[in-house]
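What follows is a pair of complexes built around subunit A, which joins subunit B in one and subunit C in the other.
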Partner chain A sequence: MSISVRTPATPADAPVRAGATAGPDHAAQLRAQARRRRRETGLLLAPALLWVVVAVAIPLGMIVWVSLWRADGPTLVHTVDFGVWGDVLSSGAFRSIMLETLKVVVIVLAIVAVVGLLCGYFLARFVRSRRLAAMLLMLAILPFWTSYVIRIITWQPLFGNRGVLNYVLVKVGILSEPASAFLYNQTATIFTMSSLYVVFVIGPVFWALSRIDEDTIAASRSLGASAWQTFWRVEFPLAKGGLVAGCFFAAIFLFGDYATEQLIGGGTNPALSGTIRAIAGSGQWPTAAALSVVLFLLTALVLGLFMKIHDLRREL
Partner chain B sequence: MLRLSAGQRALKGLSGTLLAFVLLVLYAPFAVMITLSFQERGTAVFPPSEFSTISYQKLLEPNNYSLFTIAGEPLTNYLPPLRLSLILALLTAVLATTFALMAALAFRRSFRGRGPLFYLLLLGMLTPGVILGLGMRLFADQVGMEAHWYTTGLLLHVAWTMPFGFIVFLIFLNRYDSSVEEAAASLGASRWTVFRTVTLPLLMPGVMGSLLFGFTLSLDEVQRSSFVMGHDQTLPMELLAVTGVRITPVVYALGSLIAVVSFAFLALYWLAFERERRRTVAALPDEDDDFIPAPPATTAAAA
Partner chain C sequence: MRDEGMTHLSYEQMSRQRALMEARYSRRTLLRGGAKAAGGLAATGLLGSLLAACGSSESGGAATGGTSAAGGGTVREIGLSLTEDPRIFGPAQKELGIKIEGKSDNLGNQITFWQQNYRQFDIDQLNFNQLGAIQETIRTIPTSEISAWNDQVMPLFLRPGAPGYNERSGWPIAGIYTRASIASRRYDEFQAVPTWFGFDAFGYLEGQAKGDLDSYGAIFDPANKGHATLLNEPITTVMKVATYLEGSRQANFRGPINNLTKDDLAIVFRFLNARKADGQFRLFWSDFGQLVDLLTAGEVWIGDFWASAVAAAVEGGARAVFVNDPTEGSNGWIQGCAVSKEAGDYDAAIRYIDWSLARGVVGSILGTQGYYSPRPDTTEAVLEQQDAPSGDGSAWDYWYEGAVPDERPSLDERLRHVADWQAYPDEFQEYSRLWTEFTAA
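Up next, the complex of A and B:
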């Protein structure tokens, strides 16, 4: 005594034609369509997913696994051993590198956030001609698309002992002789990084602010809000998405950037990424892997914080 | 337009000055680099004492050793790394854009696991590069894959650039009116025809944006590349290695060429992109008169 949902079509049944709207047939058609759509979705996703699994997920898994290996002299023993983790976490040197990394990232992010917000605000609010604003923004964005290494090394002849800055300062008479204080230190690194990544904030802030209607601002002002109140209560909340998006992307690049520190900072104060590269280069893979896990978690923490402040999926 | 208050005028002055400073900081290095590329010897000395095009000659004739007279000057031939970088960047751009477009099309629908998959697809972009480079190298060693630009190198470059394309396509698809596709389908177009003649042309600006991301990000990729290229050296890796030792005017000459060529390329690309965008915007129905039927008079006049 079962209730059969689908009865096999017998010749006695009405002839099944495409587009017929008989109940069970229609349901079967819908199911077939749903199946086809599911298959299509799967096929569309397959190449990207497969690629990400092989090129990203498995390597990340390898990092975690290798961090549990043990170095027995020159040979690596594939075990599950927390020895390397103990060394990494108890080492004062590594701890200070982590703190330095975080410090540099936070300082640069603060600089690019403030500078980017103000520049984006200027372009969106004070440049009357939209064309001119778009062109100035283009001008700010262009260098990002050129070579990153080239953009870093060009700061050497600017900051160097016999570079432009020293030349100008001596010529003007501010310095009596060239100073070597401008290059190969953390300040130079922070300055160069800010110049590399500030554009990530300018663009999104400009776009977010230019979506705001002039009338919204006028309404706020005519209801008695001061310019300052209008900024904090109306414009800033609307610009926040752009600001967070910019900082988010700047952070992605910042955590991995070791070349700036190497070429402009002089390699004296390497961040986590530079340390990982150096240690891995010397073959100490388990230690490099453990530090990589730390860097990954640190990055995830900061990016997660930005997502908490503003869910960037809303900007898509 | 409201009159600016004193506070706003101050803000305008401050932010305007800051923007001018930022632009100066962005462009002064290029100007200095181009100036220095025309000196004969020395590194990072300003102002240059003589004018010479010998650095450009060295770039073009890397095997003419009589040109290289500076003591300790690296005898680097930049042409093979440049060729490799261009090939890798093109391949990366095409693969990343294709996969990103397919994935973004799938994301228009809802399916199980959509949320976690979104983050998984972006993971290659979110992970600091040096971690991926190291992880890929460890993985390759484990499975016995040799590190080359076309194996581990390509894997990582596509994984790094694909998320940017994916985001670009999501942004375009979310602002796009799917009713044109439905219209085409209801007029009897097959799904493939709809994609080829309606969806893809409308997404052309997105395709261009994604290709640009893929190409340029791959072209100057160093963070991820250090452990995965084997004996193959890309141009930025070669530059980083050389500049770590000693910067000679040849590097500035190369940098100047790269800068000038990229600016010219980007200007042309930008023009093409704008034309494409205007064309697709024009092709879409105007939002304002969506539901207003054309008055009979105009229809008659048109007919």
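Up next, the complex of A and C:
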């Protein structure tokens, strides 16, 4: 991801440009101007760069460094050794954990994108009162006021053997006895994750759609576009930024979420982040570090794809 | 293997304590601030972790270490909730005239936390099955410095050969003393000092679980397919499965069951992977609270439950049963104190450890939770004064002497049924690798 900073044009620009065709003096002036701009750009960038270096680049560098160490039993050997990387990349278990993690993230992102878009569209277009729309949005955000673990655990009494869903299904005669299929598997994990992260998409999509001038929609309709054409050709492209921004942040959380898999998935399809936690927890730092680098790359890959779909910097 | 630090509390107390702890740590650390808290926070963060792992955390730790280590008469310890129990640190502080700063944590975080922060702490109250992972951060202790470690200590912990001793693994002696002191047969130097111990086995929901409910085999019985669970952790779970396989004569391991060889592990995991493929396991549980919830909600019927979680589930209305002495034998474990290589106040730490054994406070509090002290005599003095939960006789008779054998066998009886003691295996990385493969399969 690159960072660009636009420096404001200075009043000095005008005379320089006006006399740009004149002799070597002006060329020198131009160079001085360019130098000054570069200096200003550098100064403006410095705080952010410093932060990125201290909070991101150095820790990442250290993680990469630790991944090159070796563990002789509980003893860590500070060396440059690719043995751990060999183990991590050749292990069928780690590969399957990486692929499963990616699969779950992609499926959940697809679900939250579709559901989030539908909900955002509903709020922006079908709820006439702004107040009500804002209130409904608040309701969607409300669960975020409680702890993340609580939000995960709440699905247990809903889907458990003695949960609400089983109770209803047995009561209406669809099931003869409570089913255990609603919890402790990958489907349950995907469902719960979708419910947790869909709100990341609803909000931005709602705001993006709300920002579209009503006249733009009216113009589209009056030129003969159907409701679907208006949505697809006018509203969706304008809401795309919100959709991608929502998915972008959901993806970051999804890659780091291991509690859902543990509590709702029952530890039967470990997430890469949970595996890192368990392995680091037993003191196997090099392996945990190598897996962290893989997790970082997977996350960067998905986020990079989002940036390809829509350059979020344009939203700033 | 103990729970998240709540073993000796009721479930309600545990939840209260957990909430209290969370509140205290978030608020105290962030608001009350100060160099110490901020240093501690930094040290637990990613950067701190890495710095510590890189062996260069002196700079990060200076803010922390500088404050309390210099105070004198302060013991900073980490461990289970025991370390924050006012019933223990209250009298200890009063009688010893020292300050005790306890910090309890989730069991799964303990090794990593200690490795990152041992420079800022004096004592790690740990399960001896973690000792292998933290060897480089602790110092040995001459037994002569702990005056309570005298001939009143149970023979099991003094010399090889007592009931409960395992010839093949050499445990518990092999876990308590340094190799040199075992080789010289002087047994005069601790790796860590045992302060309490107990036995792990399995449990089930009465009326739901089927099969021979005296054997670990019931966990793997097809009659309980889809309703069994195992703790999501390699050391203790693998040992339990090995206990079953060897105890039921399905396998003959080359190594002791607490320290299996790679070939032995292949046998254990062939068995486990086949059971998983058959759909035997509903889930893999990972903490005390979760297990209690699972039992009270009837989500699982049978598994390698902790006795304390079973007790909490019974309080919550579940018909849960803990099997004290399975046919194949129980898995003993030892909890105790290891002292940091960079302890700020070594003398205070030693006095506190000595106090834990010499006074019956720790032993009696843990005794009524079902655990034992290596110095039963000091515990007896306290428990004799308390009533048994059954209402008949003293707490001592009930918890140690087996006055109600159906509910609670005597300690002597249990020592006859211990298959081996939980230890940190030499091939831990192989344990961990195969466990990851198993859960991900």
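Going forward, the second predicted complex is superposed on the first by the 259 of 316 C-alpha atoms of A that agree within 3 Å, B and C clash if a C-alpha of one lies under 4 Å from a C-alpha of the other, contacts with A are read in each partner's own complex, and residues count from 1 in each chain.
By definition in this document, contacts are C-beta pairs under 8 Å (C-beta built on N, C-alpha and C of every residue); 3 or more make two chains touch, one makes a residue touch a chain.
What you see is a predicted model; the values in this text were computed from it and never measured.
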Clash or fit, subunit B versus subunit C on superposed subunit A: clash
More subunit A residues in contact [subunit B versus subunit C]: B
Contacts of A:Leu142 with subunit B and subunit C, given as first, second, both or neither: first
Contacts of A:Leu295 with subunit B and subunit C, given as first, second, both or neither: first
Touching partner for A:Tyr184 - first (subunit B), second (subunit C), both, neither: second
First, second, both or neither for A:Thr268, with subunit B first and subunit C second: second
Which of subunit B and subunit C A:Asp257 touches, first, second, both or neither: first
Which of subunit B and subunit C A:Trp228 touches, first, second, both or neither: first
Partner chain in contact with A:Tyr121 - subunit B first, subunit C second, else both or neither: first
Which of subunit B and subunit C A:Gly92 touches, first, second, both or neither: second
Touching partner for A:Gly160 - first (subunit B), second (subunit C), both, neither: both
Residue range of subunit B overlapping subunit C upon superposition on chain A, of 26-34, 134-142 or 260-268: 134-142
Subunit B/subunit C common contact set on subunit A: 58-59, 62-63, 66, 156-157, 160-162, 262-263, 280-281, 285
Residues of subunit A that touch subunit B when the two form their complex: 37-38, 40-41, 44-45, 47-49, 51-52, 54-63, 66, 115, 118-119, 121-123, 126, 136, 138-140, 142-143, 145-151, 153-158, 160-164, 167, 195, 198-199, 202, 217-218, 221, 226-228, 252, 255-259, 262-263, 273, 276-277, 280-281, 285, 288-289, 292, 295-296, 299-300, 303, 313, 316
Partner subunit A, residues of subunit C touching it in the complex: 46-47, 50, 53-55, 108-109, 111-112, 115, 132-136, 226-227, 232, 234, 281-286, 290, 293, 297-299, 424, 426, 428-429, 432-433, 436-437, 439-441
Touching residues (chain side subunit B, partner subunit A) in the complex: 2, 5, 7-8, 11-12, 14-16, 18-19, 22-23, 25-30, 32-33, 36, 43-47, 98-100, 102-103, 105-106, 109, 111, 117-118, 120-121, 123-132, 134-139, 142, 155-156, 158-159, 162, 166-167, 170-171, 174, 212, 216, 219-220, 222-223, 226-227, 236, 239-240, 243-244, 247, 251-252, 254-255, 258-259, 262-263, 266, 270
Contact set on subunit A toward subunit C in their complex: 58-59, 62-63, 66, 71, 73-76, 78, 91-94, 96-97, 100, 156-157, 160-162, 180, 183-184, 262-263, 265-270, 275, 278-285
